[in-house]
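The following pair of complexes shares a single chain, chain A, combined with chain B in the former and chain C in the latter.
This part shows the complex of A and B:
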């Protein structure tokens, strides 16, 4: 068992849930409401110094009663010590504090968890989809209730994909920077002014009298 | 991408030629034009996965695609003749390959290299286009996972054969066909039918 668990219990008491060792790695469960506070303590306290956030991901179990878990893989580069921290979220309220203010590298990791599982990170500076395109309307693909081939018909999927804007994956920040350097084409400057993230044309069902 | 090409894609010369019936002049012209086209097909590589590794091997010295006139990789769609989609096509890349295809100038052809580009392959899931022919028209499908360089070369030679059979009299060959009002290249039921699961995929239900 990683000694950080005892230190966490002394510091935070009831916020720290159960802890276990799996395959030599210590897993400690936190209260999901105050996860940012505890993680900041783990990063900044001398003797802990978990300064490297390896990954943020999530797990959903097949048992529908079991909550969804958000997993933080921490590593201390100074002490060469890993720690896995988990927070459980009820499936009807998938919200948790963002850790981007603590580790800037969490930005894209949290966007991926949001994209794939639908967890909202409070305080994230730019919470958009990252793997699927931004106008993707079928839901969050790694959830257990998501069908393998998606929710729409293949024709509808192709239609929506072709209607997506290939340039819309740039953040408004990136577009603004390009605009400041006069490197933005005219049509994209217009889109930036409108704040547009890509438009999917509505299907026209006129043909063949359907 | 909403660009209306209409009749502007066909020059006046094409219209005159396509109004002819085949005769001694047009067959000789066909022979010359098709010889020139087959002998200098410039590929536009669209490599997304492991097929692109085999494609690079095909282009490198051992197999040497340049023997068949594909001397130069045209990384600009406007200077290329054949789009080679080497690898799976995610839905997110569908508008990209469509835009590249639209940017290519006529005459243009498409080779779908490998199982995933042709049918979706093992990726029968929410993220993958089930065959690039639902997005762009395809001339030659090269099977394999991935195809060996010999396979791709054979596909290229098949494309040569196809080009040698073309004629200036047939104006429809060089016609641009933009996406229709439904936002698709083909009618929706055809796309659904093309994307039907097959092989081992039929044992998976849509909800599995």
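This part shows the complex of A and C:
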């Protein structure tokens, strides 16, 4: 067991949940409400110095009762020591503090967890989908209740891909830059004003036998 | 790294005190100058969309940049055009069936991906692999690193305007590919490893072929060194461009040559040793400026070091069994499965049920050509993982692109993007 676990217990007491060793890796569970605080302590305290955020990801188990886990894989470049930190989230409240203020590298990793699992990170500067497009409407693909082939039929997916209006391919950030320099086409501006970014037209009725 | 002397006269005013070529100042002040001369043009920014179909973005990467003249004010990358849901697919497959998926993530170094995956599953199983297998996997990893760096060097040369090294690099890559093809039967989708062993032993003539490659490859490297390392244009396009300090590189979780070019001596092969890398004699090159040029120097030196490791591995390649002797993990030979009842049962159980892993989880990092490639498995005791996570080095390295590119020139954005060494199959997975 990694000695950092004892140090954590001394410092934070009840915020630290169970700790276990699996395949030689130490895993320690934290209180999900104060993850950012504990991770900052792990990064900045002499003797711990887990200054390198290897990965942020999430795990959902096949058992639907089991909470979803957000996993932080840490590594200390000073001491060459790894530590895995986890926080459990109830599936009806998938919210946790962002660690982007601590590690800038968490930005895209947290966006990916948001995209794939639907976990929202409080205080993330730019929480948008990253691998799926922003107007993707089928849900969060790595959740266990998401079917392997997606929720929509292939025909529907193609129709949406072809039918999306041009502004669906730009983030609101980019559209506002274009707008600030008067580069936004008039029709796009009108649709945006009506809140129709990424809206896909209803399918046309096929004309039956006339 | 002290190779910073420029041999050729440049069309710029010369070198500054730090030995970098001076440029006509085009930084943020240029915008003000334009605004003064032409008030109706000066303050206007342009939103430019680069990609996803653009040769300089190395695949289907799309960059939306806000430009003030030629200066990049903001750079917003869009990824995901090649998203294939590998991690989701992995949850529906046996461990050995995941190996073909790893070919297709970082498709420029498929063999080391295969090795990483097999090692992660073996960590989950607590399995010791044989000596011969260990050495062969080191060979596979280093061959992959050479392929990956060769493609990087060739395409980055093209992005910056040097065409000749591209041809030499691809010629050398072809020689490695021929060896790889003889070994695995494939140039790209190698699926070389299996849990507990390898798909195949090396064929006749492979060792000699690789030895010849190791002897002749340094000559090509020396030529590339001559045309690039002290080339005035190359230096002008790369030195001081996209520089990151060590703190920034760590803060952005960069890994591999990107991290080491910034002066952080972290190499998974040295610091979290796997296979038997701790017994090889090789150096980990570290840069000091963290710019595109240092990334080039680091990768260049890694090619030399990889050749050294390959030579040592060939010297020590032991005889003996290739796969572990465990019929629950390794398929019996086909003849045995057809004639021997017990072997047939093991064969059937493995094909139908797969290799069952104990409940638990394992994260296994390896040093890929792009950086730290990690596979994270969570198992609930069945033959299919609950979660298969790829820690994608080029995805995480690419996330630092806006930080590096903003405030620079549009032309530098192309050089910086090339220096990250992305492969979109892995970024998007």
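As a convention for this text, the second predicted complex is superposed on the first by the 165 of 210 C-alpha atoms of A that agree within 3 Å, B and C clash if a C-alpha of one lies under 4 Å from a C-alpha of the other, contacts with A are read in each partner's own complex, and residues count from 1 in each chain.
The criterion applied here is as follows: contacts are C-beta pairs under 8 Å (C-beta built on N, C-alpha and C of every residue); 3 or more make two chains touch, one makes a residue touch a chain.
From a predicted model like this one, the values you see are computed outputs, not experimental measurements.
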(message) Quick check for you: in the superposed arrangement, does A:25 touch first (chain B), second (chain C), both or neither?
(response) second
(request) Quick one: classify A:159 as touching chain B (first), chain C (second), both or neither. (result) first
(message) Once chain A of both complexes is superposed, is A:41 in touch with chain B (first), chain C (second), both, or neither?
(response) neither
(message) Per the contact definition in the header, classify A:132: touching chain B only (first), chain C only (second), both, or neither.
(response) both
(request) Name the chain, either chain B or chain C, that contacts more residues of chain A. (result) C
(request) Determine, under the contact definition given at the top, whether A:174 touches first (chain B), second (chain C), both, or neither. (result) second
(message) Just to be sure I read the superposition right, which of the two partners does A:142 touch: chain B = first, chain C = second, or both, or neither?
(response) second
(request) Starting from the residues of chain A touching chain B, keep only those that also touch chain C in the other complex, and list them. (result) 131-133, 141, 146, 148
(request) State the interface residues of chain A toward chain C in the complex, per the touch definition above. (result) 22-25, 27, 51-55, 57, 59-63, 71, 73, 77, 80, 82, 84, 103-109, 112, 116, 129-133, 141-142, 146, 148, 169-171, 173-174, 177-178, 180-181, 183
(message) For a test of understanding, state which residues of chain C touch chain A in their complex under the given definition.
(response) 44-47, 64, 66, 74, 76, 78-80, 83, 85, 87-89, 92, 123-124, 126, 248, 250-254, 264, 266, 271-272, 360-363, 365, 372, 374, 376, 378, 380, 386-387, 389, 391, 395-396, 398-400, 403, 428-429
(request) Going by the contact rule at the top, pick out the chain A residues touching chain B in the complex. (result) 131-133, 138, 141, 146-150, 153-166, 201, 203-204, 206-207
(message) Using the touch definition from the top, list the residues of chain B that touch chain A in their complex.
(response) 91-92, 94-96, 98-99, 124-127, 129-130, 134-135, 179, 181-184, 187-189, 191-192, 194-195, 197, 204, 206-208
